[in-house]
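In the two complexes that follow, chain A is the common piece, with chain B as its partner first and chain C second.
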Partner chain A sequence: MRARPRLADGTGPVLVVLLILLVVLAFAGPAYAEPSGYLALLKRAAPLVVLAVGQYFVIVSGGFDLSVGSLVTAEVVVAARLVDGDDANTWWVIALLLGCGVLVGLVNGLITTKLLVPSFIVTLGMLLVLDGAVFLWSGGAPRGALSPSFRVLGRGSADVPVLGQVPWSVIVLLVVVVVAVWFMRSGTGRMLLAVGDNENVVRLAGGRVDRLRLLAFVLSALLASVAAILLAGFAGVSAQVGEGLEFRAITAVVLGGVLLGGGRGSVVAAAAGALSLEALFSLLNLLGVSGALESAVQGVIIIAAVAYAAHGAGLRQILRRPVPDTA
Partner chain B sequence: MAVTHGTPGAEHPVAVVRLEGIEKSFFGIPVLRGVDLSLHAGEVHALVGENGAGKSTLLKVLAGVHRPDAGRIVVRDEEVSFAAPRDAQASGIVIIHQEFTLLEHRTVAENVFLGREPVRRGQVDRRAMETETRRLLDWLGEDGIEPGTSVARLSVARKQVVEIVKALSADARVLAMDEPTAALADNEIELLYGLVRRLRDRGIAILYVSHRMREVFDLSSRITVLKDGAFVTCAPTADLDAEQVVRHMVGRPLEALYPERASHPGAVRIALRGAGNERVRNLTFDVRAGEVVGLAGLQGSGRSAVARAIWGVEPFTTGTVELDGVPTRVTGPRTAVRKGIGYVTEDRKGEGLALRQSVRDNTLLVRRAACRGAEARHDADLARLLGSVAVVARSPHQEVRYLSGGNQQKVVLGKWLAVRPRVLIVDEPTRGVDVGAKQALYRLLRELADDGMAIIMISSELPELIGMSDRILVMREGALAGELPAGADEETVMALATGHGAAA
Partner chain C sequence: MSAVREQVRRRSEAPARARMFVITPVLVVYLALAVLLVVGSVLVGVQGGVLLDHGGILNILTRGTVLGLVAIGQTLVIVTGSLDLSVAYLIGLCSLVAAETMAGSPAMIVPGVLAALVVAAAVGLVNGLVITVLKANAFIATLGVALVLRGYLEHNYTGPAGSVPRAFQHIGYDRIGPVPVAALLMLLLAAAAWWYLRRTRAGYHMYAVGGDVDVARLSGVRTGRTIVTAHVLCAVMAGLAGVFLAGRLGSGAPYVGTDAGYDLESIAAVVLGGTALAGGRGGVAGTIGGVLILSTLDTIFDDLAMDSFFKDVVRGVVLIVAVALYARSRTAGRSA
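The block that comes next holds the complex of A and B.
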C-alpha cells in the first residue's frame, strides 16, 4: 500500500508524444543521429522546462502566472546593466536576481490571496508593470554586458565523470525537475494539488490555503529567475528575450495534460510538455517551416490539448465509472 | 383539458404512462431489474426505496435520459421510445429536479418560456409571455408570484412553483418530483402540499419520490416500493402503514440497523457554558467520552450553527467552551483541528473531499494540513486507517470521485481519524449513503465512541438520530429547547423542536 504509482494520471500521452517527436527528429535531421544532438536539444529546452515547472505549481493550485515572460526580460536586462561585463559582479547579481524573483512572486501571491484579485489579472498587471519598467529603465535598448562567468550557466559545460561534458543548463534542469518531483510527493505538494481541486476542503481541514498559493507564486517567479539566468547566458541580452515565454510555458504545461483550474497533473508531464514543444519547434525548423509559424503552431497546440483534456476526461470517466450512485 | 379522474382502486383508471418490465444495467451491473410502474391522471403516486434502490435511474428512464435495456414505455396506450429528454417532454413527461434549472437573473415569465419565447414582429413578445404565465399561475392558485419579478428574488418554494409552471406551459401531463421537499424550509412544505393537491385535482399525474414517510402518507394515493433495483410492491396508500413500507424498502426489521448504545460514558470531553454567537445563544451542555449525543431541530434551528461555532468557522462570541476541562478558544478550523475537534460536514462534496485527489491523499489531508514535521509526514498507518473505516476502493490511488457515496463518507471519517480527535461532530453523516453503508457508518461511530471519543451527531432523519443517540438535545430558534433521554419517540422530539403540542 506504500507503493506509489510509477506515473501520475495523464503523464502517459505526453510521454508518447515526446517519444514520437524524438524518433521523428532522428530521421529528419542528421544532427540527431548522435546523442549530442539530443543533448543540444535538452540544453535549448532547459529554460522552458524550468519555466514550465514553475508555471505548473501555479496552475495546479488553481491559478495562472502570466508575469514570467516579462520577469525574464526584466532580469536579463537588469543583469546586463549591473554585471557590466565584470566577473566580480557575477555572484551577487545572480543572488539579487533570485531575490527579485522571490519578491515578484510574493507580490503576485499576496495580491491574489489577500486582495482576492484573480491571479490571471494580477499577473497580467505584473507583466505590464515589468514591461513598462524595463522600457523606462533601458530606453528600449539594454546597456551593459554579461560577464563570461555569468554566461557559463547558460552555455558552458561541466565535466561529469562517466558522461563527459554535460551542459550546465542540463544539470540545472535535472536538479529542478528532481526537486520538483520530490516536492510534489511531499505532504505540502499534495496539499497544493488539493488546493487547486477544492480549497474549501483544505481550509476546513485546518490547512493554510493562502500560504500554499503564495508558495506556488514564489516558486514560479523563482524558477523564472533561474530561467532568466540560463537564457541570458544562452541567448544573450535583448529586450525581447522573454517575450511570449509565459504563453509558451502555459502551452507546455497544458500539453503535459495538467488541468487548467488546478487539481490534476504531474510535474514530469509538465516538463515533458515543455520538452515536446521544444522538440516540435526544432523539427519544424529542420523541415524548413518558417519560424514565424511558431506562435500559430503553439496556438493550435494549446487549444487541441485543452480540448483533448476535456474529451479525455469524459472518456476516462465513462471507462472507469463505478456502479452509478442511484439515489 | 379533458381529463378522466383516476381514483385509487377504480376499475379502469386511465394510465397516462406505463412502464413495463424496465431493465437497465450499467457496465454489466443491473440497476433496474424488471420494474413496473403506471401513473394515472389525477393521482399522486409515491415512489420509495432506499438509496441505491434504483429510483433515480427509473426517473431517468422515464425522462428519456437513459434508454432501458429491456421493457416498454407506454404513453396513452402507445408504445414509445425516448432517445432524449426532449422526446419525453414532447410526450408530456417532465421531471422536477431537486436542483432547479432556472436562470436567476431573468423574470418568472422569461424562465417559463426559456427557449420557446413567443415572437411578435421579430421580437420576443413579453406581454404574451407574461399573460400566459399569469394564466397558469392563476390556474394553480398561486397568486403571490408576479410574472415580471426576477427569479433571484423568489423563495425556494416559489422557485419550485416556477419550475412547475414551466413544465405546465410545455403541456406536461406527468410531473415527476424528485425529493421536492429536500430544499424547502418546514413552513414551505405545507405550501408544497397544497400545490401538489391542486395539480392532482387538475388531472396531472404526479410521481412523488421521497424518503420521508410522512409526506408519502400525507399526499399519495398509491405507493410503489423498489428495493435493489427490483419492484417490490405497488399498493394503495390506504392499505399500507409506514412500518410496512419501511420493511418492504429495507427488507429486514429496522432495529438491527443501529448498534447497542453506550453502557457507561466517561469523563466530560467538551463542555459549553452559555456559549452563543449571532446564530445561536446561551448553549450549555456537556458531551462525555463514549457518548453519542444527537442534536435535533428543524432546519434553521441552529443545529449546524452549533457545529460550525464549536469548530470555529463562526466562533462563539459569548460564553466558554472547555475541552477536557481546559477552557479553550477556538478561532478557526485550524485551531479546532489542533485542539482535537473533527467535523464531518453536511456538504461532503463541497467541504469534505478533494474529489480529484486519491483516497490516500484525502485520508491524509487533515494530518498534512494541520500537523507539523514528522507527524504530518507520517503515513505508515494508512492501511490501518482505511481498514478501520472499511473503505472499498480499487486502490489507495483511486480518485475519490469514483467511489460511492458511502465509501466517500468513510474516507471523510478516515481523514478525521488520522488526527485522532477527542470530539467528533458529524452532520448528516448518512446523506446519500445506501442502507448497507449506513449500517457500517453507525457501527463505526459507535466504535469510535466506545474508544473514548465524544460524538455529536446532527441529522434531520429522526429515526436515525433516535436510533443512535445516548441523549438528544433539541434545538429551537437558536437555543436549546430541551434534552431527551435515549429512545425518545419522534413525536416528543418534534414537539420540542416546534414548540407545539405536549412537551415531554
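The block that comes next holds the complex of A and C.
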C-alpha cells in the first residue's frame, strides 16, 4: 500500500484493463510484436486522449461538454479552407484555430455560469450552432486543402535523440498529459475537483466557482482544437471527422473511472481510458469484428465501467479478501 | 372554530391568488408560441405567403406528431430525474420491427404494432434496470444502450426494410380538415400522460423521485420501480413514434430516428417546455408547447426558404434563452 498513494483513487482498474489489452494485442497482431506497433497505436489514440483530458476537466467540475465533436469538425473544415494548401498560412491558421477554441469555450462557460443554464443544454446548443455553421460554410463538402506543414503535426515524426523517430502527435499527447497532471496537482486543479464535489462548500470557502468552471470549459475547447489539428493531419479533411467524438471522449473519461457529476477521478485515468478504448478498437479490428459492432461493444463497455465504478467498493473487497497482501 | 376555518381558508387562498400572477413556465411557453405564430405570419406574409393556411397547419402538426410522441415519453423520464438518449435508435429499430412483422399483409398490422411496442418496452426495461440495479448514471446507461442498438442496426441493416400494408399507411396520412388523425392521437396520449403525472399516485412518485431520490426513498416511495416505469413508458412512446414513421414511410428505416436527431431534439423540446433537466419540476403541457414551438420554427424557416445554418443557430439560441429565463425566474423566486 505504501507505493500507491501517488495514484489517485480509481486509477488502478483502468490501468490494469489497459495493460491486459496491450498484452492481448501483442498476441493478436504481429504488428504489435515490436515497439513501433505501440507507437502507431499511441499516434492513432492521440486526438482522443487529448479530447478526453479536456472532457475530464469539465466532467470533474460537474458539467458536460457535448460540443467538442462538432468543434473538431468545424475547425478541420475551417482550417482546410483557410490554409488552402499554402505552407505560408499554416501558423496563423493554427493560432486562429486555438483562438476559436478558446472563444467557444468562453461562450460555453459564460452561458453556463452567468445565465445558469445546465451545461448539457448549453453545449448541445453549441453543437447545433457549430454543425449548422459547418454546413453553411462547406455546403456539405469541404473545400480547400491542408498544407504539408500543417499535416506534419498529425502524421509526421520528429527525431528524438534516444528514441529515434517519434510522431509529433505522441509528443503533443505527452505534453498535454504531463501539463494536465501538473495542473490538477496545483491549487487551482484541486479547487476544480472540489467544485465538482460540492460547489457550495467551495463558494463558502471563498473559491471563485464561476471562474473555475469557466476555466474548465475553456480548457476543454482549447484541447478540442489541439485534437482537431492532430486529426486534420492524421485523417485528412472531411465533414464527418468529429462525428460522435464527444460521446467517445465521455466514454473514455467514464472508462477511466471519473465519476459523472464531478468531484472524483484523475487525469491519468481519463487518458488511460481513452487509450484503452483505442486499443480495444484496434483489437476488435484485428479479430475481424465488423466496424458496425464497434459501437455496440463501446456501449456494453461504458455500462460495465460505470456499473463497476458504482459497485466497485464492494467488489474490490470481495476480490481482495483471498489475497490479503497484494500490495 | 369558524374563525379558525376562516383563517385557514384565507391562508390557503393567498398563495392561490399569488400564483395567478406568477408567470408559470407553461404560460410562458404558450405565450411564446402565440408570439412566434404572429411574428411568423407577418414574416411569411411580407414574402407573399401565408403561414397558417391549410398546408401550414398540416405541416406544423405533422412535424409535431413524431417529436411530440417522443417528447411526452422523455418528459416522464426527465421529471423522474433521469434522461433517455436511446430513443433515436429505438425509433429506427421499432419502425423496422413493425414493418418487417407486417411484411405488407393487412392481417399482420396488430401483431406488427404489438411486436414493436414489446421490443420498445424491453429496451426501456433494460434502460431502467441498468440505471437502478447497476446504479449507472442515466446519461451513460442510455448512451450505452443507444450504442448497442446502433451497433445492431449498423450490423444488420443497410437501408429500408420490410413493408407496411396500405391500410396501415392511412394512420400516417388520414386527416380531418387540416388536422392529421395521428396528431389528434398524439394529443390524446399527451392528455393521458398529463393525467398520469398529475392525478395518479405513480405520477406523483415520479415528481418525488425527480425532486430528491433519497427523500423519496425515505418517504417510502419505491424509487427503483418508479424509474423503471418511467423508462418503459418513454421507450413505448418512442416505439409508437417508430410505428407511426413506418406507416408514413411505407417501410422501416434504421436511421429514421437519428437523422432527425430525435434524442437531443426531444430533450430540447422538454426543456423548452419548462421542465427542469434536473427533474422534479415541469410537465407534459409545457412539453407540447415546446414541441409546437420547434415545429412552428421549422415550418416558418421552410416557408421563408431560410438557410439551414440560421435554423440551427436560432434553435440553439431559443433553447439557451428559454432555459436561462427559467433559471433566472427560479432563483428570483427562491430569494424572494
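To be clear about the criterion, the second predicted complex is superposed on the first by the 308 of 327 C-alpha atoms of A that agree within 3 Å, B and C clash if a C-alpha of one lies under 4 Å from a C-alpha of the other, contacts with A are read in each partner's own complex, and residues count from 1 in each chain.
As a working rule, a residue touches a chain if its C-beta (ideal position, glycine included) is under 8 Å from a C-beta of that chain, and two chains touch if they have at least 3 such contacts.
Not measured: the values here are computed from a predicted model.
Student: Per the contact definition in the header, classify A:V129: touching chain B only (first), chain C only (second), both, or neither.
Tutor: second
Student: For A:M191, select first, second, both or neither according to whether it touches chain B, chain C, the two together, or no partner.
Tutor: The first partner, chain B, only.
Student: Is it chain B or chain C that touches the larger share of residues in chain A?
Tutor: Greater contact footprint in residues on chain A: C.
Student: Tell me the contact category for A:F120 with respect to chain B and chain C: first, second, both or neither.
Tutor: Once the two structures are laid over each other on A, A:F120 reaches chain C alone.
Student: Just checking: does A:D159 make contact with chain B only, chain C only, both, or neither of them? Give me first, second, both or neither.
Tutor: Touch partners of A:D159: none, neither chain B nor chain C.
Student: Looking at A:A310, would you say it contacts chain B, chain C, both, or neither? Reply first, second, both or neither.
Tutor: In the superposed model, A:A310 contacts chain C only, not chain B.
Student: Where on chain A is chain B touching in the complex?
Tutor: 1-2, 4-5, 9, 186-188, 190-191, 193-194, 197-198, 200-208, 259, 263-264, 320-327
Student: In the complex, go through chain B and note every residue touching chain A.
Tutor: Touch list, chain B to chain A: 26-27, 29, 31, 51-57, 229, 313, 333-334, 336-338, 343, 345, 350-357, 361-362, 364-366, 368-370, 376-377, 379-380, 382-383, 396-397, 399, 402-405, 415, 432.
Student: For the complex, which residues does chain C have touching chain A?
Tutor: Within the complex, chain C touches chain A at residues 130, 134-137, 139-141, 143-152, 154-155, 264, 267-268, 271, 277-278, 307-313, 315-317, 319-320, 323-324, 327-328, 331.
Student: Residues of chain A touching chain C in their complex?
Tutor: Within the complex, chain A contacts chain C at residues 64, 111, 115-118, 120-122, 124-129, 131-133, 135-136, 247, 250-251, 254, 260-261, 290-303, 306-307, 310-311.
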